[in-house]
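One chain, chain A, appears in both complexes that follow, with chain B as partner in the first and chain C in the second.
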Partner chain A sequence: MSTLDDDESGTGTATERRRGPGLTRRLSYPVRRSVLRLGTVGSALLLGFLMAFPLYWMAQNAFKTRLAINAGVSWLPTGDAFTLERFGIVNNGAVLTYITNSIIVTIGTVLLVVAVSLVAGYGLARYDFRGKVAFARFLLLGYLFSPIVLALPLYLIWDWTGLLNTHIGLILALSAVSMPFAVWLMWKYIQTIPQAMEESAWIAGAPRWRGFVDVVLPQTTPAIIANALFAFGLAWNDFTFAQILLPSNDATTFPPGILRLVNASFETGYGDFMAVGLLMTIPPLLFAFFLQSYLLKGFEIRAL
Partner chain B sequence: MVQVHAQGLRKEFGSLVAVEEFDLTIDEGEFVTLVGPSGCGKTTTLRMFAGLETATAGRLLFGDRDVTDLPPQERDVALLFQDIALYPHMSVRDNMAYGLKIAGYAKPDRYERVEETADLLQITDLLDNRPADLSGGQQQRVALGRSMVRDPALFLFDEPMSDLDAKLKRDLRPLFEEVTKEIGCPTLYVTHDQEEAMTMSDRIVVMDDGRIAQVGGPEELYDDPDSEFVGTFIGQPTMQTFQGRVVEERDGLAVEVGEHRWPVSTRNGLAEYTDRPIRVGVRPQDISVTEDTSGGLAGEHVLDEPLGDRTNSFFDTPEGRVTVVTPKGFRGEGRAYGLRPSSSELRLFDPDSGLRIR
Partner chain C sequence: MLFLYTLIAILPVGFALWASLHRIPLTQPQWTFVGLENYAQVFELDRFWGSMWRGTLFMVGSTLVQLAVGLWMALVINRMERGQRLLSTLVFTSYLIPTIIVTLIALFMLDPFVGVLHQFGASLGLWEGYVLGAATWNLPGIGEVSLALPAVVLIGSWKFSVFITIFALAQLRSIPNRFYEAAKICGATSWEMFRDITLPRLKGAILVAVLLRSVFMFNKYDIIWQLTQGGPGYETTTMPILAYRETFEGSAYGLGNAIAVVMFCFLAVGAVAYFVAFNPSQEVDT
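What follows is the complex of A and B.
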């Protein structure tokens, strides 16, 4: 008998059963359905508002003249208040350098993370070695430390090895932060690809690397994309490592760069930072938007 | 086409010996089945033939080519996997052509060979599909096609049908046999299903605990098992075994099971078991059921499994539950019966080693 049945003609015992264990009070189906829908829609709206409002705040300020910003919040910048001149800030040499640095560091981090996680994940999935599980657990320990705890010793090491103020230095640091998750994901993902597929390729005459490229690699696309997205977000938005490992203004990336600019200049206005901030949120949004279906597939692993 | 020889193959995993003293020769065009319970080492043995496991000791020869230490890539074998292992990201056509691609065939040649094979297996209309779109039986046909396009020196099957339903198995069985006969290379087929082994093989290798228990043709193993293990493993329903004693009677030796004695024809080795326990095996087909309870094991009927052409009937006896093959239409109705094994069909085994006493 369906407990969703809402007819009231049931006998006494049936009613008793409906009030059985765990069901202290039962509402009728239409009422429950409306309450559920209200709750779902309501919480989605609330969450959406909380997340979207700062973006909206940034966006509307990016299109306003300085006077209009000082005048306070308006629904949408219209008429005299509307301007595109805020975006002129990208012509500022320093900002352009920051953006270029961000792009280089992000691309480098994504490529390094994807390449290393593939090789390491394959190794973990296909080879047995002493202490493998302990090693894998140890990988995740890295997440227990906050970036600032790691960044200070890194500063000393980077300074000593000459990696300070270099793109490669920051790429290495950011890759190291993304790597535990990326390797773990790739390991679990490759475990879901039956070994027999590779063995079948070997028997067909393919060397091990060829089997990996032809058989394993094409099937790891979702995990590659998930790792790329994760590394992208981390590198693009990183503040702590860039601030500490790229102290020179010429070398640093956008997030610390823009803060230094805010602190240093009286000329550049509030709205200009909003404009360039808006521009900088667009790439990750696009990246995530186009790859989200793959991303979800990447996390559809039973054994994770 | 060549003979395949295995000489003293042995495989250890750490301190565990998975396979030992494995000697076998497979002739050209011969279909040999490796059968045994799970964990008996049959798949490990097959993987040594494929090169996916390296033998700890022993030699493996394909003709006069010593392949013992060759990797799978250089052995020129075909292997059909239990989990089929088609590449999900390639079309059926590209799956089948993969081996040829690795071997360096040009695209038109590859596809031509694939079409020919597909024609033979009647899967031409599936060539453009992805493996995920196919049924289990179709997938196994495609996998078969993929492994045969390259004219292998040895055809290996690793329980290819254990995940398929019974009807599909019966359809695929003759196909596997025809295809391997057509190619004419030696074939080694691994299964845990004795029925598959019986129906498909020229010869059967029964394995137990890493060793070969017996090698022989299907009827040979059925009629003349070397041990209690082989006797009970081969044949449906399972051979019935009893704890018995050898006793001396006026006109020769007899086997005593419970209160009943059955004379046995003189066997050379039996005399030394006189007054000692022994294992007695008899096939359910060789036990007759009579209403007269005096002449055999007293059995109380439990239930019948009608199979159409015959019935499997179960009886509770003082010696335990006994299965008997009874005629079509037999219904025991829970009454008491006498169960009489045909004394010429008794198989006697040593109680300790399980080996046959002949």
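What follows is the complex of A and C.
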């Protein structure tokens, strides 16, 4: 409601401005309206173009022969230039390994994050223990840990414990990074579920975990999806941890692996990279189209 | 549960503190206790102060660009009547798309031989050499300026502006429509509605987003490394890149950890100062 107060205190200056030669006041309503409309549509077109052009460029070049790419800039793969050969890069043993590793790590991270955030969020929301609020604040401190600050020490620790170059090692590290926000979101979300619902289950003789599984769990679906999406974004995207914690070529995930190819090989050209990039973009694109409301919801809670 | 988090998040930091007090050659880990020598060495390094400066430039530049573009985009998407879903899908895609793919596309588009963006800029006379390499601008008063850092800032902003967009969009959606209706009846112009209703409501979210973005950008390692590996020379070496280079290229594990610790302290002080100055968490509780 603070806005209304602001409005009131601001009236003095606002009326003064109205009496003065304010630019907006001189224009008639239809003019202002159409200017605004034009601005919106124009901005939308410009921003849409800026956002879409790189994606379009990747997609169209994924279907071009190497010769056509080397011939210079062209707008569509037509005639001789068109080929599906570029997608053959996936059969290249190394690339296939990278993608498989990425998929394993991503699935592992998503599962772990969702499971831990559910349990921790439930614990925070339903049990009282000392230092709860302090702990929650402390969670947010996790934002300050840069991946590199965590990854450098982890490199030696993982080396000693034998987790270096294993999927588990990377999954643990990535989960730790996405945990603060995931727990926070789940905690806030479970707080919105009335405890009375659980209590009625307890009265009917359900043990605590039964109440959790049957009453709370089904209602947290939106938060689970949001958490899974954020964890997916993090794991699918991660470069820093994978680069440092998975130095071996067989164990590494897609981002560092493909970068090695870019910097090292002359056999694979831009067309190949665009093709494999297109493949790796499809899952995020689908998620973005169908699940965007959950992401938005997550951000809404994040802003709390 | 608290255990697990403490284990994974706190242990490394403590370990980093401990390691930063030792001299540790990476190839044959033999710890020699040297006390604060690593820190003394860090502050004496020319590269350190240069990286600090570039890191700050990178952080401030990226945050400003992202704030401007991100807010603009959020307002536009919120106002659009048609095609809203299309544009917001693009926005969410670039949030979820792996950074490495953005890098691949950028490298391709800026390639000096076949890159579309490179040729476009070259035909306008903006640059001649490779933008992420040798290209420079001769600015009056400052002299030769490498284009690499601004290019990295802009490429990073393509990916990360949408963070602010989504953040602001979530907040915009929560403003009840009746506020605007009331304002319209009172004869407010769109600008006045924006200034008196939208902006105060957005302020809290913006403050939080700016804090998060600054922290993330200061810690940003992946996109810079992928695009330039900190080069040409040290032109795009920010703090995280320096820590990595000292550790793995200079094979000085203790020194790398010392840099990481300094970074963390710098951020912690900055974040606390920001909280004291603006108190963003209070702002959101409207």
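Throughout what follows, the second predicted complex is superposed on the first by the 265 of 304 C-alpha atoms of A that agree within 3 Å, B and C clash if a C-alpha of one lies under 4 Å from a C-alpha of the other, contacts with A are read in each partner's own complex, and residues count from 1 in each chain.
We adopt the following convention: a contact is a pair of C-beta atoms (placed from the backbone, for glycine too) under 8 Å apart; a residue touches a chain by one contact, two chains touch by 3 or more.
All of these numbers come straight from a predicted model, not from anything done at the bench.
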| What is the contact status of A:E199 with respect to chain B (first) and chain C (second): first, second, both, or neither? | first
| query | Should A:L285 be classified as contacting the first partner (chain B), the second (chain C), both, or neither? | reply | second
| task | For A:L261, select first, second, both or neither according to whether it touches chain B, chain C, the two together, or no partner. | result | neither
| said: I'd like to know which partner A:I148 touches here: chain B for first, chain C for second, both or neither. | reply: second
| query | Thinking of the overlay built on chain A, is A:V110 touched by chain B (first), by chain C (second), by both, or by neither? | reply | neither
| request: With the two complexes superposed on chain A, say which partner A:G277 touches: chain B (first), chain C (second), both, or neither. | output: second
| query | Touch check for A:A182: first (chain B), second (chain C), both, or neither? | reply | neither
| request: Go through the superposed model and pick first if A:P218 touches only chain B, second if only chain C, both, or neither. | output: first
| message | So in the superposed three-chain picture, is A:P207 touching just chain B, just chain C, both, or none of them (first/second/both/neither)? | response | first
| said: After superposing on the shared chain, does chain C or chain B touch more chain A residues? | reply: C
| field | Residues of chain A that touch chain C when the two form their complex | value | 1-3, 6-7, 10, 14, 24-25, 32, 36, 40, 43-44, 47-48, 50-52, 54-55, 57-58, 61, 69-70, 72-73, 116, 119-120, 123, 135, 139, 142-150, 152-154, 156-157, 172-173, 175-176, 179-180, 183, 229, 232-233, 236-240, 243-244, 254-255, 258-259, 262, 270, 273-274, 277, 280-281, 284-285, 287-289, 292, 295-297, 299-300, 302-304
| message | Touching residues of chain B toward chain A in the complex: what are they? | response | 50-52, 71-75, 77-79, 81-83, 85-89, 98-99, 102-103, 146-147, 150
| said: Show me the residue ranges of chain A that touch chain B in the complex, using the header's touch definition. | reply: 194, 196-197, 199-207, 210, 214-215, 218-219
| task | Give every residue of chain C touching chain A within the complex, in rising order. | result | 1-2, 4-5, 8-9, 11-13, 15-16, 19, 29, 69, 72-73, 76-77, 79-80, 83, 86-109, 111, 113-114, 116, 119, 158, 166-167, 169-171, 173-174, 179, 189-192, 196-197, 200-201, 204-205, 208, 212, 215, 218-219, 221-222, 225-226, 240, 243-244, 247, 253, 256-257, 260-261, 263-264, 267-268, 271, 284, 286
